[in-house]
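Notes to accompany the following structure.
The letters A, B and C name the chains in turn, as written, and every chain counts its residues from 1.
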Amino acid sequence: MNERLMFNLVDLAGTFAFAISGATAARRRNLDLFGILAIAYITACGGGIVRDLCIGAIPPAGLSDWRYLLTAVVAALLTILAYRWVERLTYPVRLFDAMGLGLFAVYGANKALAFGHNAEVAILLGMVTAIGGGVARDVLLARVSVVLQKEIYALAALAGAALAVIGEYLHWPVLWATWLPILLCFALRVLSLYFHWNLPRFGREHQG
Amino acid sequence: MNERLMFNLVDLAGTFAFAISGATAARRRNLDLFGILAIAYITACGGGIVRDLCIGAIPPAGLSDWRYLLTAVVAALLTILAYRWVERLTYPVRLFDAMGLGLFAVYGANKALAFGHNAEVAILLGMVTAIGGGVARDVLLARVSVVLQKEIYALAALAGAALAVIGEYLHWPVLWATWLPILLCFALRVLSLYFHWNLPRFGREHQG
Amino acid sequence: MNERLMFNLVDLAGTFAFAISGATAARRRNLDLFGILAIAYITACGGGIVRDLCIGAIPPAGLSDWRYLLTAVVAALLTILAYRWVERLTYPVRLFDAMGLGLFAVYGANKALAFGHNAEVAILLGMVTAIGGGVARDVLLARVSVVLQKEIYALAALAGAALAVIGEYLHWPVLWATWLPILLCFALRVLSLYFHWNLPRFGREHQG
């Protein structure tokens, strides 16, 4: 009960943080009111929609559950109306984002398993749930996604999804199986931000 | 009967107009013959294909109904062969496009309801049916979609889809439930073009 | 048996070549390790995933069959670790790519037919299987897809898929129905590379 409530709160906080990152990026690109709302919503819900299409969960929850739409719209309007205030919130927004990343990865992996799919599908789609919205945001803004370029982001989601699948296969108690992977992803993400961890690159020959 | 025929005619006229907008944009970007045909087809049918995937209508009608493919190909070839002529048709093409926008929004919303989904899904996917192809066109041309930036376009589709769902829930007669939302979307779109209505933007601080 | 094995080998060789083209493009754009792996995987498997969503094959084989993921990861790591070596392999990689193109087109068309869809769906999705990954790669790298611009690529896939559907409808022996369309696509592609065949363009008025 208490745990369910906490899960829901983290889920909506993650949606909120993802939507803020979408709305902020769209506002910077000078999109209009509708464009900002649309990008905020897609950043928050796009990953889950792709996951649901791939596991056969029709209609996708991001389309049918009004709480996600409402949360994204409120986050976008806040970003518009209180932009200077939101800008000052970089730190908490990043924390929410890291929490959302972990929770989306774990929730996505669990949902894929619950629909009867194998471990590979669950791990890949857990990651897609967490990072898909951010990739869609960047595709719509016609830029190479920061998800594919900066710090440990997708990899943290991948680690969280993988641990969630392991926990499920080893029949860990629900509390552990849910929060340990979220914590792993969250910690990896926050530490990589703090210590500026980056994955290696190879694009320029003189760096090789 | 007569009504059915009119509906089909508007449907194909909308497909035609959407395909012309896709082919024109692809030609300007100097894509080759195949690229122009592909972008025309995706602009005309992309929104409906995404809708069908989300509501579980497999295979998507845009893939299985040859009339859409044929209409898109004819529109693209016309755009190539009679480019100067098509350029002079800006006005009728915009009218067809506005009609197509309304009809796609209403048809998309109705199809989602017919597949048993709720009002939120129907409204969102009605809008996606209408604007999805244009967004896909712009993503493939590697630019931020004009749909997210210019005039009242997506919002007109949203209004049309919402009114269609309201009409369905209130059991309006079919004639009203079909054409009133199309007319609303069409009128919003044409008026916004005529009077240069735009949604507010917030991207540059000095405009805020 | 022998034929089955050859089919599987060509399938994995095609996956390998597609993944190399993805990894090479991602490395040039200076993406990090994860970005290169992700783009390689999506280039190799993206077309098949879209096909499976459209024909109702849930979950998509690209997500559930570990051989594709493993092949893509190995190809990406090779591209990173032995870049100078891979660069010298342009010629064999292009041959594998042309083989993969033909095989993906034919396999995609056959799978769509096997799921009970009509000829149009099969031909379109055969082509999507073959070129979808390359288009997704370019969308993620925020550029207009070379698939829509250069030489005979998509058209070769379309020809292969169409011939595969014709062979199926005319009940050709499996050996012919499989390899003749692959050969047609392969030959078209290789000849267009060799002779620099391009489809016409119309984008600049002085070229018209």
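Observations on the model:
The definition used in the following text is that contacts are C-beta pairs under 8 Å (C-beta built on N, C-alpha and C of every residue); 3 or more make two chains touch, one makes a residue touch a chain.
None of the values given here were measured: they were computed from a predicted structure.
Taken as a contact graph, with one node per protein chain and an edge wherever two chains touch, the assembly is complete, since every chain touches every other chain.
Relative orientation of subunit B and subunit C, expressed as the C-alpha superposition rotation angle, is 120° to the nearest 5. Subunit A and subunit B have centres, each the mean of its CA atoms, that are 30 Å apart. Touching two or more other chains at once are residues 53, 139, 142 of subunit B.
On the subunit C side of its complex with subunit A, the touching residues are 26-36, 38-39, 49, 53, 58-60, 63-64, 66, 69, 80, 83, 139-142.
Those residues of subunit A that touch subunit C in the shared complex are 53-56, 112, 117-118, 120-121, 124-125, 135, 138-139, 142-145, 148-150, 154-155, 198-204, 208.
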